[in-house]
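Next up, some structures in structure tokens.
One chain, chain A, appears in both complexes that follow, with chain B as partner in the first and chain C in the second.
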Partner chain A sequence: MQNLLDTVKGPWFIAVYTWREGLRRKTLVGFLVLSLLVIFGATFMTSFINQATVGDVTTDMDLKLIKDICVTTISIFGILITIFISASVVPTEIENRVIYTVLSKPVRRFQYLFGKFLGVQLIIIMNLCLMGGLFFIALYIKQQILPTLLLWSVFLTYFEFLIVSALTFAIACASSSSVLPTIAGLFIYITGSLTEYLKDVYNRSGQSGEWFDTLIGYIAYILWNILPNLQRFSLKTQIINSQPNDPPTDVLIPQLVIYGLIYAVCGYILAYWIFRKREV
Partner chain B sequence: MSDKKINIVLLIVFATFIVLGVYQGRRVEFYRECEAFYRWILAVGTQERLFQTSEGEKKSDKFIDLQLFAKLSDKAIPLLLSETKETVLVDSALTNQENFANIIGDISNDPVIWKLTIKKEMRDLREEFLKSLREGKIEFSRNISYVEAQKSGVNIFNLFFGFRKIAASLIWLEVDRYWHQGLLYRMVPLMRTCVTLDPNFVEAYLIGAWHLAYNATAKLIDTPQHLKKWNLKYKACVGEKETFYYLAIDFLKKGIRHNPRDYKLYFDLGFAIYKNKMNDYPNAVRYLTEAVRVPHERWVRRQLYICQETNGQYEEALQGWEDYKKRFPDNPVAPRFILRNQGKIYEKNAQEIIKEAEKVVDEQLKAKRMNDAVSLKKQAREIWQKLKEEENDPYGDYRLLLMDAMELYNEGRYLESIAVLDKARWESPSNFDEVSDLIIRIKQEANLPLTVSEKKAVLRKAEGDRCQGMPEEMTDKGSG
Partner chain C sequence: MSNNHNPVIKTLNLTKVYDTGFRGEQVSALKNLNLEVYPSEIFGYLGPNGSGKTTTIKLLLGLIFPTSGSIEIMGTKDIYSAYVKKNIGYLPEGSYYPDFLKGEEILRFYGQLYGLTGKELGKRIDEVLELVGMTHARRRLLKGYSKGMRQRIGLAQALISDPQILILDEPTTGLDPIARKEIRDILSHLRDKGKTLLISSHELLEVEMISNRVGILYEGILRVAGTLDELLTSKDRIIEFANAKNGVVQEIENKGGEVVDQVKDRVYLKVKNDEELYKVIELCKNLGLQLIKITPRRETLEELFVNVIDLAKKERSL
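Moving on to the complex of A and B:
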């Protein structure tokens, strides 16, 4: 039992340390402040609309704009924060040589990496909570009803970030600078959002009858199956304006959570595989 | 454990999770497909139930929605009956299609429909739907993001990395700007773009329809009936104003297909367009009834009951108001409308008895019937008196005057009757036209001279509802 506690304690301390370290990063704080300003500013923007249009429905238009602006802000700034933090935690420690001090202690690489990954997740969750919290308050002030669907939207957003974070983290483990993993993280997000194209390539393949065309189609199909498809999380924007108790949404949310967790584990295994081979 | 073994274990674990990811991805994909199918069922069910019989819907051979829905209904009804006998109500007098459309219309059946959608037995129909969707053969609910993404390489779904909704909102700001610049014709295509980007942008449908039906027509003058043109699509006589009304109706109907569970769209279609603009009370009642079938605000019911009353459905309106009073005892409007409908029911029954009595040969029976009618009229009078005195409603006064006038008319005292009616029409301006028509009728019957405006009204009526290009068979039915 004591051994198990020690195994858990080590990563937890590293996670808390990573989290504190993350709070000191100016870039992340900058992104966070900017996103909070945009969310806060959404209400000003909608007041302008309020003056511009007439009728009872205007209030709903305000809400719609606030929701759209805030969900987009959370997605954009959230993903930037996720990529920056996931890409930098390990390379920075290698650059500062802090990693040597930590690994010389009775901490296994697995524990160290798990702690770092956990720390990254704590930072992402904290940022999401701050942004989501402000959005929640803004929405509550406007509509005077607790926006519970928003919580589901933010919850799903986290699992989308979790996939990007895990894969970026894996690339960061192979790099000694945070620049490359940051760029890679952005690519992961962009390609993850465009994975549907691969299905399209598959659907259109074979039309020319050339073997190469068919081969490309099969490759695209395999990649479409294997690569994480972030577009599946578009449900987060869909539910924010939908009616409560929508049967497909109720089924899709847990399915997407499992999907996010599986790819996060894949990312973490990849990260560990790379990291354990690395000479540090 | 050696390094090589650890690598193998890691590789196996990684591969296992990738396989799990692929499996889970396929599951999510399956549910997304089912979601697309489910949303289409709701859309086409709404179309079948509400718009199928209405005039003006474009029917094209290109689309197979209704054929597919017929197939689906034939398969769904036996399945539903075998599994959910207690919860799903099926009327044997109706076709499977009508029954299924009615089941879809009830919001409490949503979980049942969803369960049906994901069933193995539905697999072939689901696939047929998705195939047709990709081939562009589905008219309703084409904007489902899942299939749209597969339809073509470059499309609006991927273009914004999933941020379509914010794009739609930003375009809406442009619509708003054009509105303030008076560039109405630029607004319409942009509004359509907005709802294409975000089919769930309910406010865009509402405000768009409001711009079209109200703001665009505010400065337009009424087109005289004979200058209106027959519209094949809407099967109605359409002038400049009516064109905008029908555009607004089409826009709201599109919104309803994409958002069949949103009361606001039904309410605006029924109240703002059909009642306020078109004076089409049967359609107003139809859509307001739909509005109260889904979660709604309390004032929606009030408008439904008012429209039912105007449409002559006094019994339904009375029942509704009584229920409303039970639910909201503090509401000051309900007691007034309960009295109004009670009074009208008495009057209506009295009229029916008089009509029946006129046909009866037996004098004794005839006298008995007439006495019954008089008794009902007396009860109606008491109600109007109560409405006037207790509720302080001028409508009570108006109805009393109307009854007085009709009694005078029945006695052949036409001039006095007209004088009372003249007073009555000023008591209730909302019934001005109705009473004016009655005055004209009495004057014509009594060979009394008409005023200039009355003569014009008679001429207008003589022209009838005919308009340019109107088919002969439609003349008797009347339209416009």
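Moving on to the complex of A and C:
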């Protein structure tokens, strides 16, 4: 037990340090402030305008638009922050050589990586809490109903980000700058959001009987199986179309959580496997 | 002096080849290094830039991995173990520390990585800050530190766990003379307290002032290693004569004497052995010079360094 505690203590301190350092990054803070401004603007400002012009309660149409804007803002700015921070924590530390002093302390490489990864997650969670929290308050003020559906959505969005974060982090462990892993992270996010189409490709393939047609079908099928399907984590249509306090329907939350964790663990193992023998 | 102790740091045929570029080009940075550092000594690890000092140090700390050969620290080959890491303090070359933290916060962070907490950690932070003379600036952000202050915090960071061994990569490079002297004093003080120090440097004079033993590395090969007394013995003597007139230097040199200096009516000659000594005295007597004194002369580290490297260059061109 004491051993276990000692093993996680080091990573924890590294995580807190990473978190504090992350908050110093202008890009990250910039994204965060922008997203909060957009959410704030979309929710509160529109109500002023409405009152000024129509003098009526917000119509259904307006509310849908506001929800759409906010959900999209959270996912776009959220994923940008996620990718940016996951891609840069390790390369930055190699570049500025802080890693020399840290790895020369009694900290094993897996502990170091674990600390860094944990720190990244702290930043992502903090962001989601701030953005989701503001949206939550705004919706509550507007509709006077606790928007619990939004909480579920933010919760699932975290697991979506976790997948992208873990895979980006792994690639960053092999790079000496954060440019390549950032691009890779965007690629993973975009293809991960389009995996449903791969299934379509598979379903439609093989009809002509040509060998390459079948081959493309197979490739699409394999990719569809390997790549994370990020669309599953989205409750956007539900949030826009349902009541704020409706329970999420048609989604299997525990399965999605496990699905996210499996990808995260694979990403972390990959990161460690790359970093284990890396010369710094 | 300490050859009867077991070395604290020992490498056996340590070799490092870097793979660089896409064409599989290789840089042989370290070749069959057999290095021994003994307890309670300052070992000056010397060599011009690019000779492989930093490579050696990074290998010792497990930041990079040997191509072949082995390392033993405090009697164990498991140099990644917590036991070894707890006993090594490391100051990297020209290192960067997080700007956004205060001096004491940095030390707290590094101390935590050693498993230190609470009062014990607080006490250690006070001690090392005092030792490196940074107590006055402990609550200031690193952003406002001078280069010398950063280096002191770096040293404090290396000392936080009270390690037996200190490995310092060019600790005084880029500092002003006063800061250098102060750092040097801290290092001698640590040695006197029984610590073992491995200091890489290309500042010969400084190393000569504080080291017990030195090693000279050139192009990845350790050319010489030993105590300063062993390495810098020299039978050279300087003979001082008075009464020198114009043209006498020319005359002496024609007859095979080596004049190293001339001030007013004084000339200084260098001889390598007794036979030369008597010959020169005879010669000068005949020229009407007056013998003032004979002094033994120890080679400087700088001369040794230059000789070693010249020799290495000659060997290579053969």
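The criterion applied here is as follows: the second predicted complex is superposed on the first by the 249 of 280 C-alpha atoms of A that agree within 3 Å, B and C clash if a C-alpha of one lies under 4 Å from a C-alpha of the other, contacts with A are read in each partner's own complex, and residues count from 1 in each chain.
Just so it is clear, a contact is a pair of C-beta atoms (placed from the backbone, for glycine too) under 8 Å apart; a residue touches a chain by one contact, two chains touch by 3 or more.
Remember, it's a predicted structure, so these values are computed and weren't measured experimentally.
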Touching partner for A:Val265 - first (chain B), second (chain C), both, neither: first
Contacts of A:Lys64 with chain B and chain C, given as first, second, both or neither: first
Chain B versus chain C as contact partner of A:Arg97, first or second or both or neither: second
Of chain B and chain C, the chain that contacts the larger number of chain A residues: B
Contacts of A:Lys26 with chain B and chain C, given as first, second, both or neither: neither
Touching partner for A:Arg108 - first (chain B), second (chain C), both, neither: second
Contacts of A:Asn229 with chain B and chain C, given as first, second, both or neither: first
Footprint of chain B on chain A - complex, ascending: 49, 52-53, 55, 57-58, 60-61, 64-65, 68-69, 71-72, 75, 190, 193-194, 196-197, 199-200, 203-204, 225-226, 228-234, 237-238, 241-243, 245-248, 251-252, 255-256, 258-259, 262-263, 265-266, 269-270, 272-273, 276
Chain C to chain A touching residues, read off their complex: 58, 61-65, 80, 82, 85-86, 88, 90, 92, 95-98, 100, 109-110, 112-115, 154, 157
Contact set on chain A toward chain C in their complex: 6, 9-10, 13-14, 17, 20-21, 24, 96-98, 100-108, 277, 279-280
List of chain B residues in touch with chain A within their complex: 6-7, 10, 13-14, 17-18, 20-22, 24-29, 31-32, 34-35, 38-39, 110-111, 113-114, 118, 134, 145, 149-150, 152-153, 157-158, 161-166, 168-169, 172-173, 176, 179-180, 200-203, 206-207, 210, 261-262, 264, 295
